[in-house]
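Mind having a look at this structure? Questions to follow.
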Amino acid sequence: MAANEITQPYPGPGLDTLPKILLHNVRMYPNRDAMREKEFGIWQSWTWTEVADEIERFALGLQARGLKAGDKVLIIGANRPRMYWTIVAAQAVGAIPVPTYKDSVAEEMQYVIEHSEARFVIAEDQEQVDKVLEVKDRCPAVEQIIFDDPRGMKGYDDSFVVDFEAVQAEGADIRAKQPDLFKQMTEQSKGDDISIILYTSGTTGKPKGVVLTFDNVIITSNQVALLDKLTENDEILCYLPIAWVGDHFFVVQAFCAGFCINCPESEETVAADMREIGPTYYFAPPRVFEGLLTNVQIRMEDAAPFKRRMYAYFMDVAKKVGIRKLENQSVGFMDSVKYALGNFLVYGPLKDALGLGRIKLAYTAGEAIGGEIFDFYRSLGINIKQLYGQTESSVFITVQPDGEVYPETVGKPSPGVEVKINDDGEVMYRSPGTFHSYYKNDKATEETKTPDGWVYTGDAGFFMSNGHLRIIDRAKDVGKFNFGKMFAPKHIENKLKFFPHIQEAVTFGDGRDACMAFINIDLGAVGNWAERNNVAYASYQELAAHPEVYNMVKESVEQVNESLLGDELLSHSQISRFLILHKELDADDGELTRTKKVRRKIINERYKPLIEALYNGDDQCFIETEVAFEDGRVAKISGDIKLVDVKTFATDANVAA
Amino acid sequence: MSTQNNGQNDKKVMLDLKNISLSFGGVKAITDISFNIYEGEVRAIIGPNGAGKSSMLNVINGFYHPQEGEIWFNGEQRKGMKPYEIAYQGIARTFQNIALFKGMSVLDNLMTGRFTHMNKNLFYQAMWKGPAEQEEIANREFVEHIIDFLEIQSIRKTPVGRLPYGLQKRVELGRALAAQPKLLLLDEPMAGMNVEEKEDMCRFILDVNDTFGTTIALIEHDMGVVMDISDRVVVLDYGRKIGDGEPNEVRNDQTVIDAYLGVSH
Amino acid sequence: MSADFLYTLEVILNGLMAGVMYSLVALGFVLIFKASGIFNYAQGVMALFAAMTLVGLQSGQIPFAHLINAIFGTDLHHFGWQMPALLAIILTVGVMVLFAIIVEKYILHHLVNQEPIILFMATIGLAYFMEGFGDIMWGSEIKTMDVGIPSGGSFWLEEVTMTWAAEGERYWGMYIDKLDVVATLVALVLVISLTLFSQYTKTGRALRAVADDHQAALSVGISLRTIWVIVWSIAGFVALVAGIMWGSKSGVQFSLSLIALKALPVLMLGGFTSIPGAIIGGLIIGVGEKLFEFAIGSVYLGGATENWFAYVLALVFLVFRPQGLFGEKIIERV
Amino acid sequence: MKFKQIATVALTTLAVSAPVAADLMFPSLSYRTGPYASGGIPFADGYADFFTMLNERDGGIGGEKAVVEECETGFSTPKGVECYEATKNNGALVYQPLSTGITYQLIPKASADGIPVLSSGYGRTASADGTIFPWVFNFPTNYWAGASRIINHIIDNDGALEGKSVALLYHNSGYGKEPIRTLEALAEKHGFNFTKLAVDHPGQEQKSQWLQIRRERPDYLLMWGWGVMNQVAMQEAANIRYPMENFYGIWWSGTELDVLPGMASHGYKAANFSVVGSDFPIYDELQKHVIDKGLAAGDGSSVGSVIYNRGLYAGMVVAEAVRTAQAMHGVSNITPAMMRDGLEALNMNADAYARNGMSGFGPDFQITCEDHGGTQMAIIQEWDGKSQEWKMIGDFEAPDMDVIGPLIQADSEAYAKENDITRRDC
Amino acid sequence: MFYRESGDFKKTYQEDGQTFPIRFDRWRYWVILAIAFLVFPFFMNDYFANAVMIPFLVWAIAALGLNILTGYCGQLSLGTGGFMAVGAYATYKIMTAFPGMDMFSVIILSGFVTAGVGVLFGLPSLRIKGFYLAVATLAAQFFLIWLFNKVPWFYNNSASGQINAPERDIFGIVITGPHATPLATYLFCLIVAVALAWVARNLTRGRLGRSWMAIRDMDIAAEIIGVNPLKAKLSAFAVSSFFVGVAGSLLFSVYLGAAEVTDTFGINVSFMVLFMIIIGGLGSIFGSFVGAAFMVLMPVLLKNILVGGLGWPTDLAAHLEYIIVGGLIIIFLIVEPHGLAQMARVLKEKLRLWPFPH
């Protein structure tokens, strides 16, 4: 595919680093809000001028404390303005910010600190500081910890653990003496300098540090901002981990377009904060959209019959009309009226309740999204689009252009990106966002990036006739049935997960004769159902084993089978048997990644008896597993698990076989 | 953690109770008790049920007036003050049975705690715009820090009646803190709490003592908690003082063991 | 004895009698408040309704005649019988029991565990309802109550006392209304029987249990609903007695419901929960207001002080004893 | 938002239900409920029945149908005002507020709106002065005249009052207080002791007052009572054996309901301005055209009673005034202003009474522009315990105008001054 | 359903603390005010003004006053009628003593006089609580009525003891007396009512209001937090009486034009105002208005339906009115003991959550 031309790489001439863009924005939008954070009950706001001032003082303070160009600055914390300021402040000094996941345990953190050789750590609060202190002995490079929230920090060693404001105060002193120092500092770096290192969670093995240059992130971000016509009037809510490339991408886009970044009060209040802010631009992985939809469905089930009927009726209208309206296709007059009424009665309030009332544009990426989920949002009039990307590409590889949104594809290559499918069916790309390298891991860099700049994505996919890319699965997950047909587990799992009562699913089929499935029920949805139907249960395990629950899941699986029938490539992947796991798959037990992706290898090992039982045709199987609690204790859960057959639907191919 | 910061060298007596006796219609609740509270310390009052602990707190915040004895606060002897006057002196408290203002939100409860720090007159309040609003905002800011401190952001506007017990206790602590007291009296702050809630509460108490430097006097039944968080302990039994000292001393005091620890086991 | 002294004595005696009449109404309040914590403002209207029912039954009035006539254009008035007083009283008691059951079932049952002020308001609503209902049922004209209670001054007493006054003074003997004497006797019997009832019968003990502790009462297997019906029935009966007394005195009509207002200061004085309090409070109020009117009101203040004096007396009293004469001491706990 | 919606509903309901403006509309501010219903019902019945009879018999007045629109006041002043506001735009010709309180409130309102108010035997006595109160009439008599008439009756029958004592037992309200000033003036003139005894609404509790009466034994007792107060007073009077022949009531205390069964009230007297009894031709007409046809306003029990008669009388004078107005202006469908003219030219002579089949029913009088009070004559009636009937004693007689005249003058001038009214020229 | 709250976020405490933090509510509030000030005047006639709007506004002010005392400060009072009488007689005395004074000043002065009397009768509240206090306030009710009935000075020695409002104006517009136009009286009452509602909101949202509510909810805790019960209760009595006095003043001077104390300010007035706040909602300014609307409009509506619509005899209708009002009060209390304001709150929450049930 030919690359689209890049006409305007930067938001303005010479604005090739974030600090430079920051100063530019101060000139452009001195009094517009650049950042807000819900704190102390209100949205504390900083204009671009104020943000620049904060960053300047901090940067000068950091430098005064010995931070040098090329040093790594580890950032651990939630989405708080100071964490973001730290990124830019470090970059201004010429240092490299390394954001990391705040919920990672000490050992995980130790690896990143050690590997990145960070000299400075910026930690949000006492909890994070304690974590760093715990591993400090093994990470001799760390010289200083700077904390944001002074709560409980009184008794700490002042020489090693410093208050963010104290650093800023030092910076302010320097600025008083050298008013132009900061500006001069920002002049030092250029577009091809390293801007940030993002550690990927990695479904396998240790995290890898993806090194991205300013050009990587700024050019990519700017292209998408231009494409989507983002302006300084937009609003976003940053609630995803700051170490995730998506979140960083947001920040860069906010800098490029000059719009405002909003930080939630806490993790628990994200939904409420989202409702208050009403972002116009929104980025969420499919599971967030799934979660929202599940939530909507659960809540609607509790509604009075009248409301339920009204909801069902208007959702039907929306399905018929909504997407057409969104894509500016003609709609009948009566349908328009019905849709307008529906908008008043259902869609409007619904979107508003979800905080999506002002959305101009929403993106989802990271995993495939269920078509039904996708259509649900689009029928409500939310312009949600899929994109395809990864950390290594500074997010964007392909994106769905307006008016060409198909649930099963991830769109066309975004501006400046070239995409091809190699002989193994793996998707490859080359773009301005292509990462610099893996930090201290040349081997991995070489394995992933060809000398001429093409990058292996690790995903299997193909171009459809309309020029859209369709991703089937992780390339290494895609397998083959014994009878030679393709098996794409993720695809089927996603279909299963669309049902509100199914939280997680794992399918098996590679090198086997048929497709089998593990199911995790959604405790919220099923618990709600149990409550309404007076089903008593004491634990997840008990609820999961309930025959009624099995029936419910069985119906869902059969529906999935039926839908698979329509897809030529996958019709033979119908699930023939399944079981409901006695425990929830958990990142703490290593079964999921921190971003809640299934770790197949571990599951294959841990639940081998169950898999075998599925294929053996047993009705029941005993299993014992270890679970880890938050405080580190380990316990065992065991039980007999019921295995169930499911109806499959005959395809022509099957019949022929 | 709290002890390490309380320099034991320059002990300044904040509250001094001298030979206090209190009786209700002939029934002696407190008999000739004397003890003092140093500035900045966490002082625990313990004792079996009916030992006169709550009466002691009630004497300190002026709800009861002892028949005999002297009360010295910050170097001044107190005479016949009403509880609300004592609040103005900088003593705040929580109650054993939660005494929140049920009809108000968490925020309003805490703002009520700021009462002694607000003084705009009726006319300004009737007009609102101007001084009254400014005063309100200034105090709201203070209260918001307490909300943040106690991690009760998400229930800010919830009517307190709807909150679970543990949170209500926390809000009540918040209300007392909002008064920026010099001396904070806590009447069984952890009664009826589960282990996790107790841990939280301990953390808050220590943090309060640590962050704001507030002197704390508390009544508590959970001996483990008392020994952990207090600097000094006074032990009461049948309205008399039977022990006074640092947790370790008290723990090993035979009278105390006999009277209290022995009984409770 | 000087005439002034005798007059004063007369005023006091009459005050005591008036006080008994107040107590009769106050009793109904106390009974209900004790057992259910409800401040039953409708007590006065209950007295009116009971009296109306009694007179209506006695004279063979057709209930709702006016309404029926208005809707169907008929011309109904009376059944044409005259019922003996005793039978009418028994039937009226039955009506009051029915009333109690209806009140419990349709109102109180739905208001369990509400705040006192809400229950209070509900009884005001009930009072309004009953006022309209009674008028529609029995008509709003003044009716004469005649159940055979004597009335008028006692000539015997007048003649006896006439000689007491000092020579040459204008004195015409002591005046005491026979009706008041009867009322006093009835009140006495009522209080004694209520006391006996609550002391020596199972139901009575249950009532006391409820008054002390709802939970405890439930735990010994007494249905709160039954108790409430019983209490309201008794209160209805007391209302009937009050209605008969007041009705004999001033005719049965709308104003009878306003006697509730007379009972309130009595309650303040006597405490909401004490039966002896209601009696003694009534006597104090009765004597107090008559004496004040006699000695000060009509002389210096232009009269008609009785309406407010009782309240002011109760108010002043309460300032010094906030829980009333016999009310349980309010202990504030921290 | 909610209350606005309710308001709208209320307004629309009103619009739908408002009666069509009648040809001759007579609002009746009746009180069939509340503590004084027993007095209010007969009057309202009599008033309504009279017009019903005219409609049935004559097809109305001068060919125009008469419509009586009742509005329940419950004897409450605010409700009365509300009734006035609700009915005044429906073409109301004349208001009879039936309550001194309501009359006081309506005087300025009706004067501003130009609708006549007629308060026969109650209301503001000074409104007899037509130059200050152009829209208010209070013929044939008033409380001051009533008080004077009673005192005159006592003097005429029992001799001079010099050194005697007269007590007034009054309803502690505007109504009850009305005669005080007159009686004080009369006490001065005739040299008797005057004592006031106030009884608070509603009047069930009079023990203190009666004990006082018993102690002080006033020679004569006057009563300005209403409703239950009358019955209780009568009972108490009987109880203390107050001599009934020395006990006088005003017309609102002189009804069948106010006396006791048997001989207990024998000899009790009351002033009145319409006579008692049903021995008049009008009753035949009523029987024929109203009661027999089932058109009676009430249940019939009040027909013939004292207050029913007063209702009839009120209807009759209004009808006469309408006829006068129709004759003056030559139109049958008159306006309130014409009604006023009719009232100001009303001449209630023997012919007029006879015309209505009510010969001797009330005093003769002639209303003029200046004089809105008429001759202010009243009659005394006495309760006969044997026949259980009220009997008229004596005739309609005028009050002591030497005393009342200046009082009216003074009060109307005070009103004029307070409200900045200039005396109109007649 | 109507609520769209996305993007309505607060950046200052001022915004967060405003009376209507939700955009839609704010907007609705202004629409109602606009209707009241700009639309209703065009439809104002005698009946609408005198039977509906003016009584509604006057009673709403009285209800506001009582709500401050009972709803916010928890002091149950049955003396409202008496305090209204104080306002009315103060107005009468001021109007006749200072003929040149404008009506606003008259009304405000009357309010202050009532506030003083209120404080006097509020003194026992320090010792007496709950129903005892309610009954104690009846002493104020009866005593004041008796006083105004008895002492001729209060009614300038008029023969009947009635008081009449002379004609007074403000800026040349006649407000009282028979020549006042419905439009003028309506607007005057409206301005007073809106201004007082605003003041009530201001007082209840701040330090003073919180001290009242603290006393109401838990007086011991309030005292320990620094609230002087004497000051809190007496200030509640003063403010409440001010409002009630203004209502009494308006009732007499603007609405009725004349008054007789026993009849106009009797005990039933006290109960009616209490009904208003119970039905409207204790501790709610909005509730005071709805409660007043309910109690004023309900009888008008019933009368119009029963007498006007169905042609029933007036006495039957009046009795039925009692039954219906009484019955409705009971039903209201059963369905929603916290009044219409609470219903509105629940409804609002439901609409905010719409289409979700929770």
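A, B, C, D and E are the chain letters, set down in written order, and residue numbers restart from 1 in every chain.
The rule is short, and it goes like this: contacts are C-beta pairs under 8 Å (C-beta built on N, C-alpha and C of every residue); 3 or more make two chains touch, one makes a residue touch a chain.
This is a predicted model, so every value here is computed, not measured.
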Those chains that touch subunit D and also touch subunit A are E
Can you tell me the least number of steps between subunit A and subunit C, where a step is a move to a chain it touches?
2
Tell me, please, which chain's centre (mean of its C-alpha atoms) is farthest from the centre of subunit A?
D
Chain centre (avg CA) closest to assembly CA average -> E
Note: of the two pairs C-E and C-D, more contacts are counted for C-E
Calculate how many whole Å lie between the centre of subunit B and the centre of subunit D, each centre taken as the average of the chain's C-alpha atoms.
74
From the C-alpha centre of subunit A to that of subunit B, how far is it in Å?
46
Distance from subunit E to subunit B - Cα centre to Cα centre, in angstrom
41
Roughly how many whole angstrom separate the Cα centroids of subunit D and subunit E?
36
Where subunit C touches two or more other chains at once, the residues are 66, 135, 140, 302, 304, 307, 334
Which parts of subunit A, given as residue numbers and ranges, touch two or more other chains?
41-42
Per-residue overlap in subunit D, given as positions that touch at least 2 other chains
32-33, 37, 41, 172, 198, 200
Quick check: in the complex, which residue numbers of subunit B touch subunit E?
61, 63, 82-84, 86-88, 92-93, 95, 99-104, 108, 111-116, 118, 120, 122, 125-128, 132-133, 135-137, 140-141, 175, 179
Can you check the complex and tell me which residues of subunit B touch subunit A?
1, 4-5, 107, 140-141, 144-145, 147-149, 153-154, 156, 207, 210-211
State the interface residues of subunit E toward subunit C in the complex, per the touch definition above.
76, 124, 127-132, 135-136, 138-139, 141-143, 145-146, 149-150, 220, 267, 271, 274-275, 278, 282, 312-313, 315-316, 318-330, 333-334, 337
Would you pull the subunit A residues touching subunit E in the complex into a rising list?
33, 36, 41-45, 235, 275-278, 296, 299-300, 302-304, 307, 310-311, 344-346, 348-353, 355-358
List the residues on subunit D that touch subunit E in their complex, please.
1-4, 6-7, 9-11, 13-14, 16-19, 30, 32-33, 37, 41, 70-72, 74, 76-78, 81-82, 85-86, 88-89, 100-101, 104-105, 108-109, 111-113, 124-126, 172-175, 177-178, 180-181, 198, 200-201, 411, 414, 418-420
